[in-house]
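Both complexes below contain subunit A, partnered by subunit B and then by subunit C.
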Partner chain A sequence: MTDATAKAPMARQRRGWSIADIVREYGVLLIIVLLLVVLTLLSDSFLTPRNLLNILNQSTPLFIVSCALTLVIIGGGFDLSTGAIFGVAAVSAAWIALNVDPYLAMVAAPLIGIVLGTINGVIITAFNVHSFLVTLATSLVYRGMAILVTNGKLIPVRIDEFAWLGRQKLDLGGGVAVNVAVIVMLVFMALIMFILNRTTLGRAIYAVGGNEEAALLSGIRTNLVKIITFAFSGGAAGLAGVITVSRLSMGEPQAGTGLEFEAIAAVILGGTSIMGGAGAIWRSMAGVLLLALIGNGFNILNVNPFFKDLTTGVIIVLAVALAAAGNRR
Partner chain B sequence: MTKKFLAALLIAATALTPLAAMAQDPIRLAFLAASSQNGYNDATWQGVQAAAAEAGDVQVEIFDGEFNAATQYAQVEDIIAGGRFDGIIVAPNDTVGIATALEEATKAGLLVASVLFPVGPSLTTMTPQVPGLTVTVASDPTIGATAQANEVIKFCEGKDPCNVVIMIGQLQFPFDNLRYQTMVDTLKPHANIKVVATGEGSYSPDASLTAFQDIIQANPKIDAVLSNADQHLLGVEIALNDAGIPIEPIYLIGGGLNAITVDKIKEGIFDATLSGYPRSEGYYAAQTLIKAKKGETVPNFIDPADLAKNPLVVDKAWLDANPDFKAEWEG
Partner chain C sequence: MSPDERAVSVRGVAKSFGGTRILSDISLDIAAGTVHALVGENGAGKSSLGKIIGGYYTPDEGEVSIFGKVVTRYSPREALGVGVAMIHQELQLAPELNVVQNVFLGRESNRYGVLVKGDLERFAALEKTCNFGIDPLAKVARLRLAERQKVEIMRAIARDARVIIMDEPTSSLTEDEADRLHEVIRLLKAQGKTVIYVSHFLDHIIANCDNVTVMRDGHVVRTAPIAGESKKSLVDSMLGQTSDILWPELPPAPDVSVPAVAELRNVATSTGLSNISLVVRPGEIVGLVGLVGSGRTEVARAMFGADPIRSGEYYIDGKLQPRIKVMDAVAQGVALVPEDRRKQGLVLTQTVRPNISLGTLDAISRGGIISRSREVQRVKEMIAHFGIVPGQVDGRVLRYSGGNQQKVLLSKWAVARPKLLILDEPSRGVDIGARQRIHQFIVETARQGVGILLISSELEEVINLSHRSYLLSDGRIFAEEPSSSLTVESALHRVFLEQNQEHPEAAA
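Our next item is the complex of A and B:
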């Protein structure tokens, strides 16, 4: 059971795929294809290797955070603290790079994220409080920590060794170069997909999100599984934070504000169930890609920014409605 | 006799205590920051504290507006109800909505100063639009935006076309919208200048980087970037470096005059920035309220840029000629 509707495909295999089934399963991909076609027709600059790599590069932090958030949501949880953890990790990395060592900063940020994510998981399981409430509260605490580190100011980090992670490119030949950060994101995504689809922990995450009581009765240590998903989410936010601060050479206390909502939108847009127990990493990646294409398209076409939120909202509603319509059939 | 004398002394002391206390009561001012976790507001707060320390008999407190208009409105209401303060200095999150609350504050006898923006429906009317408001310490945003656009016009002389990108904070903010329209209107009569794209930087280097990376995909030939905020230029610089586009031939002008930008202008990476004086805004606002409380006559509008006696647009030539200049905020 590795996807949102693992039982449904078996039923469909018996009766064949209808258009409604395809729309429900792959609605987000259909919208992405439609958007690719439209943007290609409207702008010569869109479908170029440089722009496509540009989209991947600038969306790397969101890809990483959404990837790990998918684990939390499949496991039946919700994480509103990713933006704040991103902020703490980013400014901490900036401070460590400036005052201690740039390489240590790159390692420290994900570790800080793991610690803060683990704290989330421990509070949620120890006090049996809904993750929505706990992460809402801890997000305030973590954001406050980011402010304390910087005193509300920017931390410039103009150190070449530190900028390597965010800015260095690897030449693939033929004039195409990929950012190191994109490669880190792809490795991270592969790791999370492997964990979710090929390990006992992955199966336990689906089980806990699907029916926690049944999972407990079947011997799964549900609290530990939940804590691990939040630790992954925190670690991913920390990794995304250090990539961003390395790219900008600047630690910002407000960095990552709103990132949690973008990540949640991407995961749900992809089709992962908000109720838990079902979902897939590729779906969240598709959700991120869709949001990134909208933003990129608006900037490339120089459309009035007033229409951006409106269009993004309409497309999200459309994608969710397509999936819901398919579910009702 | 001694007992009677002591009793009379006690009664006299008790009766005079309130008068004595009244004479020693410090002036209490509340600074309502748009957000206490922001470099610009932090510098304004430092200015408020400096004016209070200079006066000697003034206590100041900061309130965090969390970049939220409703939060700030509630803070004004709480201050009126609490009766602890003699005056309010506000860096408004919503220049129109908070006017009602501030009017109530002035009716309750509080002195009110507005910094960074005027309070009221018009962003270009610097004299008080709220009855009873003591002073506005701010610069007219259209004057600054016009000055910035004029610098771009000067740079573009002899270039046809001269491709310009405008990086603005957020067009949903009335003051950013006004600045943007002023920039566009100032550039419009010049046929050689083409505004090829507008990006929203949201006062964040990260958001500016993303927007500018996209913009240069469609518009690789750019001659000038006109921005209302220095933070936007940090993102623009990275995007240009990443794309392998040389920065030196491109004219980059920001706004705010923070320390990071001053360094970048000195290094020749950025070209100019619109001056900004957050510490002075806080200082003059607090000083004016203290004087008003003491019964002195005070002006109802102060432009800190005028008092600074520096050029409205600061560039490398000016900074080289004034090596001791220090920006009022870090960034």
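Our next item is the complex of A and C:
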């Protein structure tokens, strides 16, 4: 058996990587390394465990949302409603924590997100409308719901048990302490990676995004697969929402505005194809990290923050152009 | 050949993709006003060479001259500028535009960029030359593959191309349509145009070309006038060894008393089938003979649960299947290898491994978690079994030749060990080596007791590889014959006759 495989004519196949290939595949990592070096040289306070953990902690909600959005985009969809679901989950969690139970709030917020995400998925597949349009519309509906139920007011939650999720640190020894939220984020990321790489669902997501008709003709329940990706995206937005409320002790109906675009930027920056069917979680994580490093660099270097968006935009264009240049033949 | 007689001259051209050498040291001359064939197995490099001449690929080494002028910074656009147009194997049309809009894409009648009337008249003039009979206002997305190809050909002619490269132009055409295309080619030649004809159909090449270049493994074996060549001499140089085109021996046909693995009774669908009754027994190869558009593909799709059955009954293993869906069909051991491998078969963003596993994920997983080792082992077995090249488990199937892509697609259903295997054009756009391997696969699968439904535009293939054939026309089965009693000529005669009876006005 192995004998026959070895004899297959492999002579013409050279497994060589040119520099262009490496830049195209791992460009985002190269930019991160470059940024790490520059920031370390420019500031003494950058390369400290405290600052690095702080970066990680601050980006936790974006990490979680981008992670699940990657599933949606690989599956050939697009989700513009994550920011709004984040808002609904935030005010719901604050209300439940105040009026019912703080621990129930932590569980309820992701569940509410899953329900709203599933509604997105069902509308998209039942009416066969592009997810871009559907989630653009539902984002308005969801945001409206968040504002209506709170009358537009903030809901302060000063409950110690509830703050555990966002603020509590776990001592890892050696003076290094990590927020509970960061651990939750890492577990969520590991779960999504596992789903994409090791499960039949992950395979189905890649296939639906890469060639829906081929997936259908292979006996894949393509509609169900799409609904599941949107449910994940909604659930992630809910989880990110409750983490943020817990951290700020405040439920805000406008919370998470613009989060959907940051998440899309992170996924694209990482190099996941917006056409679907290709991409990876580590890419989006690298994209979030890059956005976070840019933000952190502006802080510790005391650069005019007005340049932040401009710089971020330029870097996204460069990253996308780099990837596209490699694809030309 | 004196330099000014050369339409195209290629000197020392080499091309690699991602470390894989596709072409090495290619040199050839193509005389103006001739029809020049490029032949070779899939993966031999003939399509790549066509694409280099057409400006789609840039050579890594060497140079290309068109009418004596060396081209640099060459792209499809610049190729058109010097009179070279390419018609693709994988058609490149705008599906949402209509026929006229596609034919004159980028060359619309206009005044200062504002569209004006006149394209329909220009189309009518073009149609006089081609005589394809396509509705100029039909949306391309609604046309069948064969008709789309005609649109591509008209587009090249509309561009006043002096050199037209045709990549597998007849692979999706019926014999009759192919004959008409060859008439167009003769007409083009009479007008002094040069045609580069890339094809697997050696009969077509011998009948219609002046010169031939045989390629093997990215090299030119030889360039010679067609007059001194035969089908056998061409195949021998393509394969690098002497061989005859042989049909594999069929396993014995199952007895009529054997219960059917699949049976249709008076089935009608919204896709145009009516009153279809057919039987496939285990170990039997059943052919569907008919012209493009006769409903062959629709029968396959109905039996796979891809199109709903409106009336009539469908039984799998004697069990009635009301409202069957693809996943039900797959679960009961039905497999379909669809006609368009790139659009319906493969997920090109993925590698060989997930493509082979896609139809049978449950078999290699437990609780939704895939066993990597079982998967890799299965894929390796398939690579060895079919001789897929390159033989990497995670090879990028997008870059594979047509024959190897088809082998990957067959592997996807071979691993499923189906009871009923439906093959729609299993050897379209595939070289002779791969085709022989696929034929062998069909026969050995039937020998294992699998029922096979075989559909092919090449009548020779259906007739020689099946026990029994159903003859289709206009969504109906009008005859059933033992395949051994059919010949290509008699079968063609009957389907044409049947078609003319249905549409007496079309017979005139």
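We adopt the following convention: the second predicted complex is superposed on the first by the 314 of 329 C-alpha atoms of A that agree within 3 Å, B and C clash if a C-alpha of one lies under 4 Å from a C-alpha of the other, contacts with A are read in each partner's own complex, and residues count from 1 in each chain.
By definition in this document, a contact is a pair of C-beta atoms (placed from the backbone, for glycine too) under 8 Å apart; a residue touches a chain by one contact, two chains touch by 3 or more.
As the structure is a prediction and not an experimental result, all values here were calculated from the model.
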* Asked: In the superposed arrangement, which partner chain does A:N99 touch: subunit B (first), subunit C (second), both, or neither?
  -> neither
* Could you tell me if A:N128 is touching subunit B, subunit C, both of them or neither one (first, second, both, neither)? => neither
* Asked: Taking the superposition as given, does A:N296 touch the first partner, subunit B, the second, subunit C, both, or neither?
  -> first
* Does subunit B (first) or subunit C (second) touch A:T200, or do both, or does neither? -> second
* **subunit B/subunit C common contact set on subunit A** => none
* To do: Under the touch definition given earlier, write down the residues of subunit A that touch subunit B in their complex.
  => 43, 45-46, 48, 50-51, 54, 57-58, 147, 151-154, 156, 167, 244, 247-250, 252-255, 295-296, 298-302, 304-306
* **Touching residues on subunit C, where the partner in the complex is subunit A** => 17-21, 57-58, 217-218, 304, 306, 326-327, 329-331, 336, 338, 343-350, 354, 357-359, 361-362, 365, 368-370, 372, 380-381, 383-384, 387-392, 412
* Under the touch definition given earlier, write down the residues of subunit B that touch subunit A in their complex. => 35-39, 41-42, 170-172, 196-200, 204-206, 209-211, 213-215, 217-218, 231, 234-235, 238, 241-242, 260, 330-331
* Structure fact -> The subunit A residues in contact with subunit C across the complex are 1-2, 4-5, 8-10, 12-16, 21, 198-201, 203-204, 206-207, 209-211, 213-221, 273, 275-278, 329
